[in-house]
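Every chain is named by a letter (A, B, C and D) in the order it is written, and numbering of its residues begins at 1.
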Amino acid sequence: MKYKNEIKIQFPSHSENEAFSRTAVAAFAAQLDPTVEELTEIKTAISEAVSNAIIHAYDEAQNGIVTVEVKSTEDRKIVMIVSDEGIGIGDIEKAKEPLYTSKAGEERSGMGFTVMESFTDRLEITSKPGEGTKVTMIKQLDLLV
Amino acid sequence: MKYKNEIKIQFPSHSENEAFSRTAVAAFAAQLDPTVEELTEIKTAISEAVSNAIIHAYDEAQNGIVTVEVKSTEDRKIVMIVSDEGIGIGDIEKAKEPLYTSKAGEERSGMGFTVMESFTDRLEITSKPGEGTKVTMIKQLDLLV
Amino acid sequence: MKITSEITKNSLIVRLEGELDHHSAAEVREKIDQTIGTSERKNLIFSFQGVSFMDSAGIGVVMGRYNKMKEMGGIVIVSECNDYAKRILEMSGIFTIAPYCDTVEQAMKICSETWSHEE
Amino acid sequence: MKITSEITKNSLIVRLEGELDHHSAAEVREKIDQTIGTSERKNLIFSFQGVSFMDSAGIGVVMGRYNKMKEMGGIVIVSECNDYAKRILEMSGIFTIAPYCDTVEQAMKICSETWSHEE
């Protein structure tokens, strides 16, 4: 894919950076003049993926690095890649199941991946236990007609 | 210096990323609960430094990479580092003079560094012609009393 | 996140304001649980009217309070969500156990009926 | 950036709305210069009331228009800046050649006086 513009953001796995990351991504996505609904969906999807890196990949330790890359295409696609170098996911199919969570005690609902899937057009997860996880989401914005 | 939190942002030298970069930095700075005035000063200083990288370092070609790093300290300092791998600055003292610009024909005012100096507490420029420029700004936010 | 609570005859009303994510959920949880303890009310009504952003952390907040109130023999009602918050809560099926009302007033009515019925 | 212009007897009034930086300055410049050409007015009044963000690119926009109007024997007046925009414009000394007025009305008065004087 050829990209029109792209940004890369990196930050340590502090939970206060969840808000930072979704605002930064929204500021980038604003270049494509999305609808309010599309912008909310993008912010929510990013928030889920970044929270997962902080909570699951690094187990709430604050010394992991989270990387968020966002790219835009001429035909109004937004590609979002959230990656970490944390514990990784053993069974990706299970992780994607609605309501499945490995941290029920901490009031996680197991709906993160379901929300990401519902708010974007495509979700791809690659992961290696012990090495990290990369979540790629693609969202097609409305074509301006 | 020990940092409380820090972020790194990278993007190509498209002028539309000026707005993105200052909004992203403002979203990070918001974690320290700055005054509206402080936030405006931070956004303006970042906008000047990022614009300079786009206009001068890469001469408006859109294929350069601009890097913005922002760090916060426990005692409410914000450290902002904007760097490029562009043409560099030969005479830094001259570049800092109010009203000096190498691009008068394009309606640059030569006030960029003066604004950065006035809106932050410390400005440091290091540069090597042909290799790039690094602009470091430190701003002490009001201590909450 | 701003959390305001109001105690009525039959219920505790908790109004949330701001962005509800994993980061803010920790504080929200703690403050609500404190208020549940001191209020001595069995029923909890959430108003999400002031919630400007919410992700799936919001589901966890409702689910956790549901478990707490259930232990005490009470119920949880969710109200005044914007479309996005409602869509996310709906996905999880949480409204089958913590029902949704458009307004706090409707929720209060349900709480008082439940209460009278129990007496 | 939104640019609205109004033509009065003696002057062209240009109102800017949005964020004025190096990126948006290119468009602002082009649109104003077009309007200067068609309006056939010698005096230009800027209103910065709607400018929510401005960096030193704003100085260049005023400076460039000043040079253009001066060639035609006219003047530029800047008005209705917020504190930050004013502070930045002030730093450059631009108000010594393109004076500042609090309101567009005051600026119009100056333009009409200048005009009468010239006649």
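The rule is short, and it goes like this: a contact is a pair of C-beta atoms (placed from the backbone, for glycine too) under 8 Å apart; a residue touches a chain by one contact, two chains touch by 3 or more.
Fair warning: this is a prediction, and the values are worked out from it, not measured in the lab.
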{"item": "Co-neighbours of subunit D and subunit B - touch as defined", "value": "none"}
{"item": "Distance-maximising chain from subunit A - centres being C-alpha averages", "value": "D"}
{"item": "Intercentroid distance (Cα basis), subunit C paired with subunit A, Å", "value": "27"}
{"item": "Rounded Å distance between subunit C and subunit D, as computed from the means of their C-alpha atoms", "value": "54"}
{"item": "Centre distance in Å when subunit B and subunit C are each reduced to the mean of their C-alpha atoms", "value": "44"}
{"item": "For subunit A, residues contacting two or more additional chains", "value": "16, 19"}
{"item": "Chains that touch, pairwise", "value": "A-B, A-C, B-D"}
{"item": "Subunit B to subunit A touching residues, read off their complex", "value": "5-12, 14, 16-17, 19-20, 23-24, 27-28, 30-31"}
{"item": "Contacting residues of subunit C [partner subunit A, same complex]", "value": "19, 21-23, 25-26, 29, 53-57, 59-61, 63-64, 84, 88, 91-93"}
{"item": "Subunit C-facing residues of subunit A, complex", "value": "15-16, 18-19, 22, 40, 43-44, 47-48, 51, 54-55, 98-99, 106-109, 111-112, 114-115, 118"}
